[in-house]
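I've put the structures underneath this note.
Here come two complexes built around chain A, the first alongside chain B, the second alongside chain C.
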Partner chain A sequence: MSKPNLRLSVRPLGGGCCAIDLFGEVTAFAENSLMDAYTQATGAGATTLLLNFSGLEYMNSSGIGLLVTLLIRANRHTPRQRLLAVGLSEHYRQIFELTRLNEAIGIYATEAEALAA
Partner chain B sequence: MSNPLPPAPAPRDAAFWARPMTKITVEAVPAGAVNLNVDGHTIVSPLQGFGALWQKTYRVRLPGVTTSAADVMRVWKENFPKFQPPGNHFYPPSTGIDPGRVIFIDSTLPIFPGLPGLIPIAAGVVVIYEDDECFTVMTPDGFPESGWNTFSVTDEAGVPVAQVQSLARAADPVYEFGMYLMGGAEMQEKTWQHVLTALAAYFGVAGQVQMHKVCLDPRWQWREARNLWRNAALRTFFYLPVALARKALRR
Partner chain C sequence: MSVWLNSLWKKLFGPPAGSAPADPAPAPPVEAGASPAILDLDIAPHDPLAAYFQSAPHPVEIDKLNFDSPALRQLKANGTRLVVPLVSQGELIGLINLGPRRSEQDYSADDRGLLSNLATQAAPAVRVAQLVRQQQLEAQERERMEQELRVARLIQQTLLPRELPQLAGWNLSAYYQPARAVGGDFYDFIRLEDGRLVLIIGDVTDKGVPAALVMATTRSILRSGAQRWASPGQVLQYANDMLVGDIPPKMFVTCLYALLDPASGNLVYANAGHDLPYRRHRDGVAEMRAIGMPLGLLPGMVYDEQTVQLEPGDSVLLYSDGLVEAHNPQREMFGFPRLQACLTQHPGGAGLVDYLLAERAGFVGPDWDQEDDTALVILQREAAADDGLRPLASFDWPSEPGNERLAMEKVAAVVRAAVDLPPARLERLKTAVAEATMNAMEHGHKYQPELTVHFEVRASATRLAVQITDHGGQPMPRAQTPDLDAKLAGQQSPRGWGLFLIEKMVDELNVTTDGQHHTVELVMHIPEAAHGHQDA
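== the complex of A and B ==
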């Protein structure tokens, strides 16, 4: 894990919602690309950010720290933004539970469920 | 009839993470440690505390050290208690720093900036993540801070760089007061600078520790003020005289 290995794409979904698809590894090295994606989504007017983890291959504790940082930025944004997660495998759902991120980031199985929430 | 799909391979990070836990279960207490304010408590993230949320990063470069990052981290884990400043006692499990295990802590909190710690506190932290080059500990409720500390070593152009990064907020109003008006934050910063300097000295390097701190969220989370009821320092303060009296009566 000595270099960034995360690819992101930002997909406007309409209605003030933007999906950020993550492919690869979420580690400390992903900070710039993740924050760039957030800035891009916010610039597109997103009030709901939907993180799609279906392409997640690896995440360490620094990666979880980045998600906390992202969540704080979303919470402090005016207007306050919602952060949701989809596509988490059972393993990564358990990590969200362990770190109690699941109490602050809504977790849904699919984009449709998240958008309907 | 189709054959069932083979089970998906376990993610590469699966072995590095602790299992989710609703309550901390202490399996063994190392000699000298006090099992107080840990067993049966829940672990808390930076989202559950009361005070302002800070990210503090301490780094030391180890120029001239040819040991790999993983080997530096191995030394760090093995000597974790020895690198602590006087008065700060860490008790890792005898089996080592493994995910899900508790590291007990016996320390003191200051009552005034610049003075040594006077208020005793017995507590502990849980290892939630551990790999060859890093590990992360998360605090239980009642601990002075709510959040986690990550200890890591990376290779930067052939030079090992050791780092401590905390992402945490004071757990309750009393701790927030102590952290910023009674010298708690200053003591904490000195602690991690001492640890990194000691690690560098182990490898024969006069380490220059760089610290960078940023307040990610200055707001107080008043809904978390109730954490005061689990305050480990207050509990330790009331527990110790009782424990000493019991010990005296047994004689």
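== the complex of A and C ==
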């Protein structure tokens, strides 16, 4: 697990909302950086985490496993945190539906739509 | 003199079959003038009388001979006075034995001259008669052997299957050619009630009726065993135990017994010392090995059992030694390497019979005398109905973490260049390829970089197939069906989405394992009109 090919940026949006921008690959290699970003956003007091997938190049089943891990942490956080997703391609949107991740992570086309919800 | 000639003929042409040899007991005293009893005289080769007669082709007075000879004693006891040896081309072929003259006078010089002339003229005629008789006996013997061959051939041909079983999705062909001296080759098909098919090929050592009878017995034993046990090894063990007590000494049976599940292509087989079958796969031709002793040699044998997965297009050849042991005029054998090369060159199936026979005919030349029976059975799994799949690319990738994405992009590039697959479906295929590649690298190869994952990309007008093969030979352990709620509740690992994703991404998922390779085939149907086709 030596070559994470994922760049992350944590971007506070105000109102307890924090965006995490993902650029590159969400695979098993992304575990540390994704969890770091989560810790950073949570440390900034975020209760809504907005995952921005518009820079996503590739996500595999291990990446989906990471999202499930992230969901578990958000669900168990006090107060419970909300996960939203924007910028998903049609393909990954379908995968979210097949895995039913879309029932636990709100999917929106854009940040503005997500924030308005 | 008629009585004596009668004795002569009897001597020359042998007693009727089954009669006892000459009675050595002394004959009763012969009264003068009475006809002596007919004498069956056998002169042993080392008896000095034989050499004497041979060197003296003229009438011999028996009373004047005085040396130690059993035949001479017999002649004297029988009352023989005069013997005229019949010699043809230096060989003693018979005797004219005369008793006392009826006039009780001695034989005169004239008598002897007459007898000598008679012997000289009779000897060649008797010799001719002997040769004719000998030829008649040989002809009778030949006829007897022909008759036996006819019986053997009849037994064998009556017991060979009259028709081939019809199996949807499979082609079966068989060929049998007896040699002049019929051997004990046989093959058999047994359809089981559950739809599976038993295929048998065997060879009884020895020839003729004994071999045919052992073949018939073996066939019956195997037929009853097939109904009792689903395990080929168990059936052979049973057959061996049944045969070992009854089979004639020095005879045994080699036999290959295979059980086919036509639905899955699974073939389980065991071998009792028979020539190894060959499997023709698209990757090459391989022997199907399994260890076991021929039937009927030793009690208590057990038989190794092996399994092979026959894929569409695969052929299996069962054969007897008449094929590989055919010799050319230089006394070279057709042999296994040549057979294997033939199989590599031919696409398999029913045409393979003619191809192999033609190859053998070309090898042995026109004057070949078939030494042994030839039996061939060919089983072929039909290629998938729409399997006009043409190869697009074939490559290997080392098993290193992260390589699945590179392999995925490579497959995508190949597909984009050759197939009109809608982009959304291509994305699905890519995800499935990546997941299957990860499984191969991780579960099949434990991420050992020197082990490579093999990729085959093929397409027809309607289908696109990507085969991903690893050398693990084991199917991937089937994970629980992932359930998000269970995962969120901590009842399942957050991971374990791979196979689930593959199944959801592709139109067909075919998994095959042969103990050495594990292949996942991902198939996408190509819509007729790619444009305007919305992905479901």
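Following the convention adopted for this analysis, the second predicted complex is superposed on the first by the 115 of 117 C-alpha atoms of A that agree within 3 Å, B and C clash if a C-alpha of one lies under 4 Å from a C-alpha of the other, contacts with A are read in each partner's own complex, and residues count from 1 in each chain.
The rule is simple: a residue touches a chain if its C-beta (ideal position, glycine included) is under 8 Å from a C-beta of that chain, and two chains touch if they have at least 3 such contacts.
Here the structure is a predicted model, which is why all the values come from computation and not from measurement.
Engineer: Looking at A:L98 after the superposition, I want to know if it touches chain B, chain C, both of them or none. Which is it: first, second, both, neither?
Structural biologist: both
Engineer: One more residue to check, A:R80. First (chain B), second (chain C), both or neither?
Structural biologist: neither
Engineer: Touch test for A:N60: chain B only (first), chain C only (second), both, or neither?
Structural biologist: Both: A:N60 reaches chain B and chain C.
Engineer: Now for A:N5: first (chain B), second (chain C), both, or neither, which partner does it touch?
Structural biologist: The answer is second: A:N5 touches chain C but not chain B.
Engineer: Quick one: classify A:T69 as touching chain B (first), chain C (second), both or neither.
Structural biologist: A:T69 sits against chain B and chain C alike.
Engineer: List the residues of chain A that touch chain B in one complex and chain C in the other.
Structural biologist: Shared contact residues on chain A (touching chain B in one complex, chain C in the other): 1, 28, 58, 60-62, 65, 68-69, 71-72, 75, 89, 91, 94-95, 98-101, 103-104.
Engineer: Residues of chain A touching chain C in their complex?
Structural biologist: 1, 3, 5, 25, 27-29, 58, 60-62, 64-66, 68-69, 71-72, 75, 89-91, 94-95, 98-101, 103-104
Engineer: For a test of understanding, state which residues of chain C touch chain A in their complex under the given definition.
Structural biologist: 401-402, 404-405, 424, 427-428, 431, 434-435, 438, 482, 484, 487-488, 490, 493-498, 500-501, 504
Engineer: Per the contact definition, I'd like the list of chain A residues that touch chain B in the complex.
Structural biologist: Per the stated touch rule, the residues are 1-2, 28, 57-62, 65, 68-69, 71-72, 75-76, 89, 91-92, 94-95, 97-101, 103-104.
Engineer: Applying the document's contact rule, which stretches of chain B touch chain A when the two form their complex?
Structural biologist: Touching chain A: residues 8, 10-14, 16-21, 43-48, 53, 55, 128-129, 131, 133-136, 138, 148, 150, 152, 154-155, 165, 167, 216-217 of chain B.
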